[in-house]
Amino acid sequence: MIEIVHENSIPVSFGDCDPAGIVHYPNHFRWFDATFHALLRRWGGGHNAICAELGSIGLGLIDVGGTFRSPAVNGDRLDLVARIVEWNARTFRLAYKGMIGERLVVEGFELRGVFIREGERLRGGEVAPLRAILEAGAARAAS
Amino acid sequence: MIEIVHENSIPVSFGDCDPAGIVHYPNHFRWFDATFHALLRRWGGGHNAICAELGSIGLGLIDVGGTFRSPAVNGDRLDLVARIVEWNARTFRLAYKGMIGERLVVEGFELRGVFIREGERLRGGEVAPLRAILEAGAARAAS
Amino acid sequence: MIEIVHENSIPVSFGDCDPAGIVHYPNHFRWFDATFHALLRRWGGGHNAICAELGSIGLGLIDVGGTFRSPAVNGDRLDLVARIVEWNARTFRLAYKGMIGERLVVEGFELRGVFIREGERLRGGEVAPLRAILEAGAARAAS
Amino acid sequence: MIEIVHENSIPVSFGDCDPAGIVHYPNHFRWFDATFHALLRRWGGGHNAICAELGSIGLGLIDVGGTFRSPAVNGDRLDLVARIVEWNARTFRLAYKGMIGERLVVEGFELRGVFIREGERLRGGEVAPLRAILEAGAARAAS
């Protein structure tokens, strides 16, 4: 299996923090999502190009979780790594790990699908074509 | 056990949605957190008053998860219910359920603690005094 | 001139506030925008329906400003009023005023246009058809 | 006058954009504010250290404006420059300019003060000590 991974370095700012002075936690998920989109850009040309090729409206979220190990504050630099750890028929799973220096701040995951519009509803399309795009991008980079 | 619960009605707006036209998922956690704070206000006088009484810097997050069942879009009204479902020695757990009309949109949970500052570090304080405050508020309302 | 106005009542939460305990100011603009979209919903059936009728991709922003008179904090209820105060050929102007009880918190404006996609570019379409939709909605409500 | 300026390079992500596919405008102000805080960090050791020295609760916002010249979308890199262009007795003014490559996207300003808590109220303190801190930082860097 070719590993699909991307590292993002996120500057934590004053406005990301709450009255306790700590990052307001939904921002961590904003950063998960931004890192996923940066991964798509790096290995597959970006969400728009990939969705056009797959006939999908979006590589949307099904399930997500996060565990917070230590606080992040204004001025910190959060090094966040996203890694695709599971390819299923109609879902794929990303693992996230965020460090500030040597200190673990957040761990989490996202389970996503390839959303296809069918009339009023969304259904999950096949994931294999997405895998092929990203692995081809990673193989080109490795060669 | 006295049930600690709060219902929040959230108007979903254009700016909460992404280029696929669906709520950008970190906003769901923003709404979880806002509903938790509304619950504190209703039953315990709000986060500030409670933290002052407990000597805490915040009723912070340890672990969180969400499962997304169907999309929410601009103009929807999301009825989000928060419920405290577990009181442990140093953590407590909330369950969340968000509906648009009869349709299930999101389910999730938060595991939180009573954060106490100790020098540079945070530790989890006892949860029993928080429980006493909220149950007293709920008992007053019921009587 | 038929007045197009909408009042929005916004619960200010912990997560809207920064480490100084005061609303992080970009949230005020999020609330301006949400109030504009609620105004469209009330008088014209919502942004989607209006844009479909006008062949527009969005009633987008050109210019915006805000003046902050006093702070808003967790637990406040911000009463925000949006009013269309100017109809020009290719732009229209909204005025905003936000109060907490009797206290003025924020005043501002937005200058918006009816964005039409032309190849790679956006241009500002005529505003008169938008005005007709909203004034017809307001006239129906008044009768 | 020693120039106090800071350039920030901001990756625009999918989740920053609205259903029209364009950056939801309050995010531009989030980036203004983050760039201001990065400027404080670079020249004065950061907001916390500066406020401790000045006895201030925050270098808060009084007035703000933005003009949007062209859209920013997912995958763009926004080069945003903040510059202090005016030092008054109790306020100071920043100018912002955001480019994507050679294309102008946003121009704006912030008028800020040195907020001092006095009982329940905030008042604007003297700005000269802040100016001294930042100009000393810039002078050290230049020498």
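In order of appearance the chains are A, B, C and D, and numbering begins at 1 in each one.
Basically, contacts are C-beta pairs under 8 Å (C-beta built on N, C-alpha and C of every residue); 3 or more make two chains touch, one makes a residue touch a chain.
Everything numeric in this text was worked out from a predicted model, so none of it was measured.
At the interface between chain A and chain C, two copies of one sequence, more than half of the residue numbers in use appear on both sides, so the contact is built from largely the same positions. By count of C-beta pairs in contact, B-C exceeds the other of the chain pairs B-C and B-D. Separation between the centroids of chain B and chain C, computed from CA atoms only, is 29 Å. Remark: chain B and chain D have CA centroids separated by 32 Å (rounded to whole angstrom). In chain D, the positions touching at least two other chains are 14-15, 18-21, 24, 26, 30, 33, 74. Contacts from chain D toward chain B in the complex involve residues 14-15, 17-21, 24, 26, 74.
Of all residues in chain C, only 18-22, 24-27, 29-30, 33, 57-58, 60-68, 70-71, 115, 122 touch chain D in the complex they form.
By the touch rule above, chain A contacts chain D in their complex via residues 11, 13-15, 30, 33-34, 37-38, 41, 46-48, 74-75.
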